[in-house]
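Working notes, structure below.
Going by the order they are written in, the chains are A, B, C and D; count residues from 1 in each one.
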């Protein structure tokens, strides 16, 4: 359960037996070809995988260098890569005989994915969501309810994702016997980061095979946005052992020098959050800082422990782009390619647009387009109208 | 250009040369394998086709009879079958040397699809939309603008889809030399119904081949909702010459006896609308009646002329379900399968749920799930909160 | 064709003025007075429009007139009967019923022609029934000595124009420019050669229409056509006069102002009409000028 | 272990009462008075909590206390220094610092132990550092004669419980039921056999905690454990007394009320404490009753 010094299980004793049970359940499941086939069948016949690898001609022209390809996780059922993991973990819960799942959610994307998988596989579902986020994301709250999930408001702390995660873990301890905690990103105590990577690596595996269908040549750069880091770890997974340059793009918010950002790598320090040792944004006393990003999905004070390791080892370069750069990139992608991506994903696009001209037109960059932007239209409207993004 | 007595070109002389040009352009294109391949490649690498055929176990249990399968057009890029046609016609526009497209839209779904294809293929795009619809659908209006399209408000008549279509045709006459009119449903003067069917028949073709992968047995029933009828004609296309029962489901609104409905088949009469002879809702004097449905996409006073023919010939059965039945079916699909479908598509689901018990569990029903329901969440919220659906 | 009104129309040598008016806009009685004013003003025929919910070929002015009439439930039957009343009150020029096809379809062809004959209709113009779809209706017209008015546009191809022109009855309606009805500043670039060509091919007078709102605009086409049609400009004038038509004490003045407006539309008018106009008060003339800048 | 305070703790034969208090809640001086009251009320050791932004193991009461203290920027260093001040003012029972791991990590292990030794800390409890992750810290504690307090839960498996219990220092913290800290009506179904088992395996006293808010609840476990821990009930009482603590003229009465509350939590108290409580005014007693129904 360690990635260098990162990872581990920093949780109360009350969670330990549940983690052991999960570890055993997951170890069995991942060796079970019937389980694997069921997972793959659901991804294909229910969620619509494989998602395409789209050549972005217009974006390539704008970038003025490398050919840009988009891995289209936005075309998944429910609109983002989150469902890969939700389906995988929900099927694991069923295999482990659990009747109920709980999940945490920030903007509601993982909550919707979890509620979706729960509905599909006949599980009860409770989603913990900060009271502040419930107010801001009423559409997703309603979607979860339509899907039959209970949305539990969290009033503690800053009433956002961080606190919803704390509360989900607390609830898990209470109900661990019949309840599976379906975590939404590549974070949390071991074996969660491993599980999430396992169910997200399909992104990179498909990309690898789709690239081979196009050319024998390796891409010059693979880019993904990083909040908790599940789409990125899924995209990077099969490439980590290669020498292909990998770039994780964090939310620079109003600029990493302003204090309003979510740049865990650049500005974070070693610490423990949600059960694992990783890098995180904290005060010098060790109190966790609420991060800032225009993108709700990147607005997380920590990062998956494997990313912390990949940062430290230098295998993956982590860059940040600001709110403004991301929103501009979103607009460019939209008008050049007809694809309205999530603001999260737009961070990866923004980096690609900045970096493309460093490459020749014979080189390729691949962006993981982690989700669609329908959920962000209100944010975009208020930006266009007001100029303010808060 | 005739389906029995239906179809034809009931348009001003000023449109006739453009229709002739279109007919020639389309005839050439559909025989051109390079064009066909480009269209198929875009559907696959850009829009994410093939869309899955999902076995709906939970829905099947609820129906209590036939196994229910869902053709997942909701998983297309932009969230509905509309993009198949928008991509096809936009590529045709490019092939014909046009630089600009115009389109009509009601709720904004076709407008978004058209604006998307225009962005992708570098065409200028103007979308005509009733001023009343612009007010009701501000999110889609903003999406179109983000995609680089101009949204032109239409103040004539009832300021909805019918009038937007009139205005788009008027505009087309003005600008016919460099402008392609990208019509959104299987309606309009010849050759439009043929073109739209051509670009939507991929739905039925994929379904046919996916069914063959599952079993040799024919399905007992294929169901699609019908407004203008593009998803239905696309789904039915390869099955029309078979003996498989086909059912088109119209919007019964508050009940076909109330006057608040869009049941063109049951309550319409022979007439001319938007350039073709078909069945439509009109006064005994021949003035066209604004229809009613909770679903903006079925809220059309006419219907594609081929549907009128298939109704008259008896090849397709046309049924209607009410707003309430459709909304209940949407809720059932959502909580049983984790799929939030469009209210349009929910009409087909509602019919399937009613009819399923007429079949045995060894029989299969296939529903065309034409689009996703994210766009409808506001309607659903106000229904749950207020009880009123207006 | 044995229709004597069409014969007179056809034999005229002048540059024919054919106005369009919406039937029963704003009401039946006023429409009759308008028709008489048009005839008095020099109309060689009158196009009588029928309000329709979805007037695809029309611009905003005629759309608004349609809406107004629909609020009063004016039907195709009402307009046909209006034509009969116009005849009784002295309208003697050909009257062409201008109707979208769906209205005629709902009334039924038989009933339509029955009423048309009874009410002295001389021609039928269906803007959304192109050549390919109109053979049956044209035959029905001919059977009853009525003219089915055909239209050609600058984009109508040579072969097709020839075919339509050589089969035309009453007059050949040449659309001056692409788009819908309504005033405009410029016409299609090839409009004169198009008209000249139509004149060569046509067996009936060739009239130009769509967008003509002044006598000087019309006179541009005097050499290459046999007349002109004015629609939206007239309907717009009527719209501007609506408040006055609706007040008993203002009606007479409004009709006078309308006549003056028509005179301005017609290039070569008898002297007396000008005198008549001169009888208007200064205020009336001001109002007229204001109206023209609309 | 040569720590004399732990020896005393260990050698006691009573059913040990170990209270939890949040350091510096509501402020440093009051915390010292609270600690003295706890000791006077019979505490055999004191758990001294450190406020944390993300207290994963804690229920709402302790979360709120954390929030209060964080508004005053109370750090781990502040709480360690508070312990030193408590010692100076006469707290002589073992003091266990109760901190989430991230706080300790940021301060640094060396600096932490330096301050801990200086301020008379006897033990360390890190609720989010389970057995597997704690070997290093436990060794550092032992090197300094401090107890690293281990926890076991009803779900801790047999083998693991044995391993933890046999390696425990100070006391073995047995979690009475699943979930977070905070009062509750019922405990885990197997809690007594779990405690009995822990007692069999443990080389140190076995204390039961989580959810105990009355002496009668605690006494259920008297036969199968060596003491009990009360946390949220105490912190909640302090919360209820906050308005009085903050007013100079109310402080003394508040401390008296707090002492009375502690007396109720401890089953077998010396007679004099009861007499002391009896000195309270009738009003005070009413306030106490009201507080208990919270």
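Note that a residue touches a chain if its C-beta (ideal position, glycine included) is under 8 Å from a C-beta of that chain, and two chains touch if they have at least 3 such contacts.
Quantities reported herein were computed from a predicted structural model and do not represent experimental measurements.
The chains other than chain A, linked only through touching, come apart as B, C | D. Among the other chains, the CA centroid farthest from that of chain A is the one of C. Separating the CA-averaged centres of chain B and chain D is a span of 67 Å.
If you average the CA atoms of chain A and of chain D, the two centres end up 39 Å from each other. Chain centres here are Cα means. That of chain A falls 34 Å from that of chain B. Taken as a contact graph, the chains are arranged in an open line, each linked only to its neighbours along the path.
The chain pairs satisfying the stated touch condition come to A-B, A-D, B-C. Taken together, the chain B residues at the contact with chain A in this complex read 44-48, 51-55, 58, 72, 74-77, 79, 115-120, 122, 138-139, 142-143, 146-148, 331, 334-340, 374, 377-378, 380-381.
Partner chain B is touched in their complex by these residues of chain C: 52-57, 59-60, 63, 67, 70, 73, 75-77, 100-107, 127-133, 151-153, 155-157, 160, 175, 178-180.
Chain A meets chain D in the complex at residues 8-14, 16-18, 20, 156-157, 162-163, 166, 169-170, 173-176, 269-275, 282, 284-288.
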